[in-house]
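You will see chain A twice below: alongside chain B first, and alongside chain C after that.
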Partner chain A sequence: MTKYVKYVDVTKCDGCRACMVACKNWNDLPAEHTDFLGSAQSHPKVTADTWNVLQYIEHENGKGDLEYLFRHSSCFHCTEAACEKVCPEDAISHTKFGTVVIDQDKCVGCGYCVQNCPFEVISLKEYKDKNGKTYRKSQKCTMCTDRIEEGLQPACVTTCHTGAMEFGEKEAMIKKAEQRVKEIKDRYPNARVYNPQGVGGTHTIYVLAEKPSVYGLPENPKVPTSAILWKDYAQPIGKAMIGATTMAVVGAFVTNKFFSKRAEKAEQEDGGESHE
Partner chain B sequence: MNNQPKSDIQIRRFSKAFVWAHAVNAISFFALYITALPMYTDFFNWLYPVLGGPANARLLHRIFAVLFCTPTFIYLIFDRKGFFRWMKELVTWKKRDLQFFTEFVKELFGFKFKHIRQTFFNAGEKINSLIQIFCAILVIVSGFTMWFPEYFPRAVVQWGYFLHNVGFGLGIAVIVGHVYLSVVHKHSRPGYSGVITGKVPAWWAKSHYADWYDEEVKKGNFPDLDDPQHKKGA
Partner chain C sequence: MVEMNLNRRQFLKLSGAAAATLAIVELGFDEKNVYAKTKEFKIAKTKVTPTICCYCGVGCGILVHTKNNTVVYTEGDPDNPINEGKLCSKGTTIRQLYTSKKRLTKPLYRAPGSKKWEEKDWEWMLDTIAKRVKETRDASFIEKEEGITVNKTEKIASLGGAALDNEETYLLAKLMRGLGVVYLEHQARI
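Moving on, here comes the complex of A and B:
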């Protein structure tokens, strides 16, 4: 199956925030009141009810110029997704398009994905059931997988009026990103494609005007080493260990039954000495 | 097992504080294991409805987590002497402790063996204690980072998940052996009633913890079983 990628060229973004509105609209997400953050940015970061946020960054570029940088931020849909790895309920999976989605029926709201996401884009949302009891579910951008299944593009891409976002086949989008970086190198010497290989590449790739850290992004994101040791080693070894000790005591039980008759006999012969 | 008449004298092995600390520890350990089991393996997902849903399971897990922190204090506060004897025994290792293990393996599988003289705790119990203390520290410390992630750096929380898994994974594997030896294994079964009532048969204590028993006899606390007046029918 062809993998699809959302291409985001931040240098073409004019910060209109239509992507945020389109996302809320399509995914039926409620508005969140936020305090004034000291800039045009509306929310500090993505939340369970705000799956994409437009960043506004005032950046001094070292030549005495102030750059006003924008970035559409949302889930990266990693190829090696830490959230999927640590989910104890197999609630997080890759679709055939390469997008990463959360099965809301399977999610138990433990928050392991929230803590292990290298990009910190997953959040828990609290709900109340009909008895008034609260429960939690993980929420994040789905890349509008429900739209892709119908042959549509993600809502944010469709609405973008500057052409800063495109949605298409992976190879074509990567090529486009590399081409674009060449075009803007004079204007932005630090420009680069952000498609981090530490997580096997992502399904949202960026043309960034500056270093990732300028946008608050990790330079070398990867699945946490602790998550690999936990899920690939500690958990299976732990299960093997309880299996081994259980087998040992079952073995002990059987051999005891088997030997007890012989031992009794021998004990009587050597004078009835007991080891109890 | 044995045709030789045995004295039915009971002696006190464990203080009330130890019995309570051990019981609270055991109950909270298994409650913690069960309330988190569906997260460990999907095979136990049916436990969610039994526990009242994932949110309720989490709540129960936190209640028992607090309970799980108390046994050390129960033991320390109400039986200081016993607690420090335990600590001292845990750091005391002699040749007889190594000999214990070779004999123990024979005993476990029902082969002929001989008793190695042990103090209050035998070498196996000491290993069990050390592993459980280690696991409890891992589980409790990492439990804090998992419960209150907002107060810890992200990396610490992430390593917490790993350490929590190591702690209970090793802990339960050892517990299986510990419970088998007390509840099922015929030679050590009096230990099970002992840890509940605090009392064990004198003959059993003498053969399993000879050094401790003799010491208590010297202090005049326990009857000398070699004295003919304590033999049954004598």
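Moving on, here comes the complex of A and C:
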């Protein structure tokens, strides 16, 4: 199956925030009360009700000029997703398009994914059931997987009027990003493609105007070793152990039966109370 | 130990069934996909009506998805040559014009000097507006100023909105000029 990628060229973004509203509109997410942050940015970061946030970064470039940098920030949909690795309920999985989604019915709100996400884009939301008991679920951008399934593009991409965002096949988008970096090198000498290989590449790739750290992004994000140990070693071993235990119990039962039969037989033979 | 009389055949049958169940649960049967199929696409059975955004003068096309007598989704109209499916952050919120709890559904009237808004019906509202416009205009009408015919009133002003289309703007200007309004303005010039 072809993998799809959301291409974000931050140098074309004019900071209109239509992507934020389009996301709320499609996913029926409620508004959040926010406080003034000292800049034009509306929310400090992605939350359970705000799946994408437009960053407004006031950056002083090497020449002493102020650059106003924008970045559409949401889930990266990593190829090797830490959230998927650590989820003890297998609630997080990859779709055939390469997007990472959370199964709301399976999620138990343990928050392991929130702690392990290298980009801090998953959040827990608190709900109240009909008895007034609170429970939690993990929430994040789904890359509008429901829309992709119907042949539509993600809501944020659909609404972007500057062409800062595009959605397409992985190889084509990576090529486009590399081409774009060449075009903007004169104006932004630090420009680069952000498609971190530490997490096997992502399904949201960026053309960044500056170093990732300027945008508050990790230079080389990785799936935490503990997550790999947990999912790839501890869990299979645990499962194998359950299997082994089951087999041992069954085995013990059978042997026990077998030996007790023999003992019985021996007893019968010894005791001579045979009715045969 | 619990007594369980299993002969060889029964034992094989049982362990076979257990293995098959495990295989289905662990490997073969993808319940996620099956569950996903049972969820209906948000705009699968909606009625789609094209409209024009009411906010600024650009006049972007919007598709309004309605179901069960309410608006469930709005999106930029890809067939509209003005916005080609794109929308700004404000135009994207247009669903709330209909669904917002703060939406006014009846005309509100605040009498001069009053602190309270009271609900009135449209009939009363339009009649009152017409009556008072006529009164104000007649009382403040200036025919001549410094020997020049002006036929104007300076006590009424009109502020048009960007959502008005060509024809509406024409009618509004015609009416206002007819009354002698000189403060004839438009929101897009602010």
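Simple rule for what comes next: the second predicted complex is superposed on the first by the 232 of 276 C-alpha atoms of A that agree within 3 Å, B and C clash if a C-alpha of one lies under 4 Å from a C-alpha of the other, contacts with A are read in each partner's own complex, and residues count from 1 in each chain.
Everything below uses one rule, namely that contacts are C-beta pairs under 8 Å (C-beta built on N, C-alpha and C of every residue); 3 or more make two chains touch, one makes a residue touch a chain.
All values derive from a computational prediction rather than experimental measurement.
Engineer: Pick one for A:C16: touches chain B only (first), chain C only (second), both, or neither.
Structural biologist: Second partner only, chain C.
Engineer: Scan A:D146 for contacts with chain B and chain C and give back first, second, both or neither.
Structural biologist: In the superposed model, A:D146 contacts chain C only, not chain B.
Engineer: Residues of chain A touched: more by chain B or chain C?
Structural biologist: B
Engineer: Quick check for you: in the superposed arrangement, does A:T79 touch first (chain B), second (chain C), both or neither?
Structural biologist: Neither partner.
Engineer: Looking at the overlay, what does A:S93 touch: chain B (first), chain C (second), both, or neither?
Structural biologist: second
Engineer: Using the touch definition from the top, say if A:D105 reaches chain B (first), chain C (second), both or neither.
Structural biologist: second
Engineer: Now for A:F253: first (chain B), second (chain C), both, or neither, which partner does it touch?
Structural biologist: A:F253 contacts both chain B and chain C.
Engineer: Which partner does A:Q235 reach: the first (chain B), the second (chain C), both, or neither?
Structural biologist: First partner only.
Engineer: First (chain B), second (chain C), both or neither: which does A:N195 touch?
Structural biologist: Neither partner.
Engineer: Which chain A residues come up in both lists, the one for chain B and the one for chain C?
Structural biologist: On chain A, the residues that contact chain B in one structure and chain C in the other are 253, 256-257.
Engineer: Tell me, which parts of chain B touch chain A in their complex?
Structural biologist: 1-4, 39-42, 45, 48, 53-56, 58, 107-115, 149, 154-155, 157-159, 161-162, 165-166, 168-170, 172-174, 176-177, 180, 184-187, 204, 207
Engineer: Which residues, counting only chain A, touch chain C once they are in their complex?
Structural biologist: Touching chain C from chain A are residues 16-18, 20-22, 25-26, 93, 103, 105, 146, 149-150, 155, 158-161, 250, 253-254, 256-257.
Engineer: Over in the complex, which chain C residues touch chain A? Could you list them?
Structural biologist: Checking each residue of chain C against chain A gives 1, 4, 6, 11, 15, 32, 35, 39, 41-42, 73-76, 83, 85-93, 95.
Engineer: Which residues, counting only chain A, touch chain B once they are in their complex?
Structural biologist: Contacts found on chain A: 86, 88-90, 108-112, 115-116, 120, 133-136, 224, 226-227, 229-230, 234-235, 237-239, 241-242, 244-246, 248-249, 251-253, 255-260, 263-264, 266-268, 272, 274-276.
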